[in-house]
Amino acid sequence: RYFVEEKDILERHKIFHKASHKGDFGKVLLVGGSKGKLGAIMLSAKAALRTGSGLISTFVPGFGLPIMQSSIHEVMVETCTGNDILDSAPENLDRFDTIAIGPGMGTDEKTAEALKNILESYKGKMVIDADALNIIAKRKDLKELITSQMILTPHLKEFERMVGDDVKYPEGRIEKALEFSQTYGCVLILKGLHSLITTPAGIQYFNPTGSQFLATGGTGDVLTGVVASYLGQGYSVENAALCGVYHHGLAGQLAGEDQRRGTIASDVIEKIPETYKNLGLS
Amino acid sequence: RYFVEEKDILERHKIFHKASHKGDFGKVLLVGGSKGKLGAIMLSAKAALRTGSGLISTFVPGFGLPIMQSSIHEVMVETCTGNDILDSAPENLDRFDTIAIGPGMGTDEKTAEALKNILESYKGKMVIDADALNIIAKRKDLKELITSQMILTPHLKEFERMVGDDVKYPEGRIEKALEFSQTYGCVLILKGLHSLITTPAGIQYFNPTGSQFLATGGTGDVLTGVVASYLGQGYSVENAALCGVYHHGLAGQLAGEDQRRGTIASDVIEKIPETYKNLGLS
Amino acid sequence: RYFVEEKDILERHKIFHKASHKGDFGKVLLVGGSKGKLGAIMLSAKAALRTGSGLISTFVPGFGLPIMQSSIHEVMVETCTGNDILDSAPENLDRFDTIAIGPGMGTDEKTAEALKNILESYKGKMVIDADALNIIAKRKDLKELITSQMILTPHLKEFERMVGDDVKYPEGRIEKALEFSQTYGCVLILKGLHSLITTPAGIQYFNPTGSQFLATGGTGDVLTGVVASYLGQGYSVENAALCGVYHHGLAGQLAGEDQRRGTIASDVIEKIPETYKNLGLS
Amino acid sequence: RYFVEEKDILERHKIFHKASHKGDFGKVLLVGGSKGKLGAIMLSAKAALRTGSGLISTFVPGFGLPIMQSSIHEVMVETCTGNDILDSAPENLDRFDTIAIGPGMGTDEKTAEALKNILESYKGKMVIDADALNIIAKRKDLKELITSQMILTPHLKEFERMVGDDVKYPEGRIEKALEFSQTYGCVLILKGLHSLITTPAGIQYFNPTGSQFLATGGTGDVLTGVVASYLGQGYSVENAALCGVYHHGLAGQLAGEDQRRGTIASDVIEKIPETYKNLGLS
């Protein structure tokens, strides 16, 4: 078990030189959204943009297309067959360097099938979050599709649903996280005051950054976008998880200094670039 | 009767520690909006976000869903049966720590029935504002549903409709407010230059903050969001009313220093976090 | 003929005291917009808000409702019968302290009839701009509806259409403006480098503020909103015209210092509050 | 071959005096957008506004109208016949001082015909970008419509498609660009770390500004808007290309200093006015 320090993060970051092009910064697909919960996937997309992705596409239900396009001009939008919920998977997943799935997605049966389809067919690195976790928690066949290419990002309640049991906080989570990560062979980010990152190799990292002002709707969706962005930039699942959680927490601290209790998820996104400045990174 | 001071506000605030989570900051439902007046409920939602709520849902007519989702990404949206006006109540109201109702809602007969349904079935703390007050003013059966869990926030004209009489300003309002609060057993915020907060116990507080620049469309909707946010954060109805009116007025002053006569309701919302800094609160 | 100075503007402004309420700041209706040109009326509405109006309503074609509501939350929206163009007049015009009409409205025959309807039935002060001027230019019956309660705000080309003749710039405009203003008995703002304000009493004012950076799409719509806002705040047509043109020009200068050639109409709007600060006004 | 310096740019800029009007700053039409890729044309439009255009119109598929109008209020919107893709050309192209075409447009067969229609009928200066280049790459008949009034702005991959061959980077591009520019008689901007501008007269300029943080989705669309804006302001194709690439790169540097790896295309747009200040230009 290890308490992450700034120097660990600095070591794990990639440096991009002046001749880098869009492809180097990665092509990310973000899948999520459902009627009334589209904001979640927009927050993920904005966070991925601010973390440094080169090209971002989203895959959302049909109703979401005009909403996405009027809100974010740097992102491309694809839609599934249905209008209100995610009921199909995107085609040609190999176009993307990484995929994140879950924010605002809902847990409809058809959505579960679309998720299964994606988990089965995509071979790249993935972030699994929110309702994708809630769906997986109920389906043994989906749990078996978890691989070492995946980062799962549950908060405590979502984690309890996945392990099917109460988790005694704070002590119990350490053991349970280790067990889960080793059983399914994935990286696990268990979100909380000091988020706990566990690798299938059995290493556990506590993240030092963060603030109570991150305890507001949408900050989890922001983390998903940040971690996915690092995967797209070519980071290993372990480095993406560690750097993502660290920068997300630091951005939350910076936002909280300005906005206090009034901090919203969008503030955290806008502070991500300042975390690069703070750490002296390009 | 009492003129509120800064120290009174400081005493009445809750402090949130580093391990606080979304649940501690409360789950708020905001009900309102109608064709042409959707902005009102958006201002309430943004104000509640900036005051510190953990999770905010809105309940609006169907036409409002894409508008809400493209405007605020941190808020979830539910819709009633009808497209143009509020014609039904949300389900499972117990999901929410508090409900505010009224901004931009209109006074259609069907909306009145939806309001009645909510007043009858919800047992938590509530803020009643704007068109919800205008509906109640005309319906004796709805007046009887007012409880000690409710904060009513009329401006002078809405108050006159409720008491069915002219109110001699400024003196007459004090007595009338006391009478109303004691008759119906609710906390009453009578908005104006020095807003008057009256509790059913007969205590009356004058709020010292505010400015003429708050005299612009939408600032009442902002107050509704602020007060609802405090209720959701676990404040008593009295403390939510006092803190809400105080911070709202202070935010208005701060906005007015920058924007003078050009102050708009959105400016007031953006200044709420600065009120926490000003008072040295987290 | 008179070159306006800062002190003239200071004398003509109303002062609003701390107990002022929304009604004192005026209730304004802005009429305009058509498919592809809705931005014009949104700029007018935002400008009126930033100039100090208490309550603003817009009247637009049906397609415009969701667009307006997602863009400006402080403004109420009413719609005409048709979806794409303005084809009817709003009801109960006496609800409003002033009406401005024209921005982005188009010149369809049905729109001309709606304009005629409004000019005939509304008795308060008005601003007539843009396509409303283009319609009037072609219709003798509409020209006869011009009254001393109205401010017309043509740029040179629109003015030439109204007088049905070329105007020799710069000298010719002075005489022509005087003639027009006296013939129709209205205040005329002839926009240009030094905008010329002519009253039916035969007084002509040159405005000293402005900049080449105001020469960009939408700044005329901003002026309409500013002048309408002053009418709603209870200014005489002469004072509204003078103060409106002066503050608009000053806001354009302030925006131009920051944004140079890249100044856009929205920048001008956001600088209006600073003009109050600059002049030491509340 | 020539490495551009600041003084070259200063010499090539036009100066606009105080009496300049909207017409002097030019009337620009931007053509592009398709379902899921509308952001591209919005970025171009915003960039052209910030570069100094007087009046901007966009021509987009029908679905895009409400999205454009809720996102940018200074721009007028016209639509083609179809809802999802560009399937027809705008009428009366002579209304515009310049036309840019391509961003987010897609490569549908009908879109190709619309492009052909525009290339054949418009006689003014043009910028050809993105999917317009991809279409032209596949059609010999369209290549023959390229004229000396046109600036083509491919990145390396688009250029390879146009020349039908791999281009050896960095050396090979110089010769190939010269060959292309001379064959088709157009100005060519080959985008990259040091963008290369080639004129049909055989002069080749390397642009000194830029940063790796410009390697993110949408920055190419921004360049299209900037270059089109200069064409509309009356610059020669050579001067528009040189000034456009220089200011775009400088804006990217300024944005990158603030936002580092988190720089997005919208940041670059917002920094364009600062480039005028930096160079001491009005």
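In order of appearance the chains are A, B, C and D, and numbering begins at 1 in each one.
Operating definition for what follows: contacts are C-beta pairs under 8 Å (C-beta built on N, C-alpha and C of every residue); 3 or more make two chains touch, one makes a residue touch a chain.
Since this is a predicted model, take the numbers as computed values, not measurements.
J.: What's the overlap between the neighbours of chain B and those of chain C?
T.: Output, common partners of chain B and chain C: nil, no chain qualifies.
J.: Moving only to chains each one touches, count the minimum steps from chain A until you reach chain C.
T.: 2
J.: Quick check on chain C against chain D: do more than half of the interface residue numbers occur in both copies, making it same, or fewer, making it different?
T.: Counting which numbers both chains contribute, under half are shared, so the two copies meet through different residues.
J.: So, comparing C-alpha centroids, which chain is the farthest one from chain B?
T.: Between chain B and every other chain, the largest centroid distance is to D.
J.: What is the distance, in whole Å, between the centres of chain A and chain D, each centre taken as the mean of its C-alpha atoms?
T.: Those two chain centres are 35 Å apart.
J.: Using Cα averages as centroids, what's the distance between chain B and chain D in whole Å?
T.: So the centre of chain B lies 49 Å away from the centre of chain D.
J.: At least two other chains touched by the same residue of chain A: list those residues.
T.: 66, 70
J.: Quick one: label the inter-chain contact graph as line, ring, star, complete or other.
T.: Basically the chains close up into a ring.
J.: What are all the chain pairs that meet the touch criterion?
T.: Result for touching pairs of chains: A-B, A-D, B-C, C-D.
J.: Which residues of chain D touch chain A once you look at their complex with the stated criterion?
T.: Against chain A, chain D makes touches at 35-40, 42-43, 46, 63-64, 66-67, 70-71, 192-193, 211-212, 215-218, 258-266.
J.: Show which residues of chain D lie in contact with chain C when the two form their complex.
T.: Residue positions touching the partner: 16-22, 24-25, 49-56, 65-66, 69-70, 72-79, 272-273, 276-277, 281-282.
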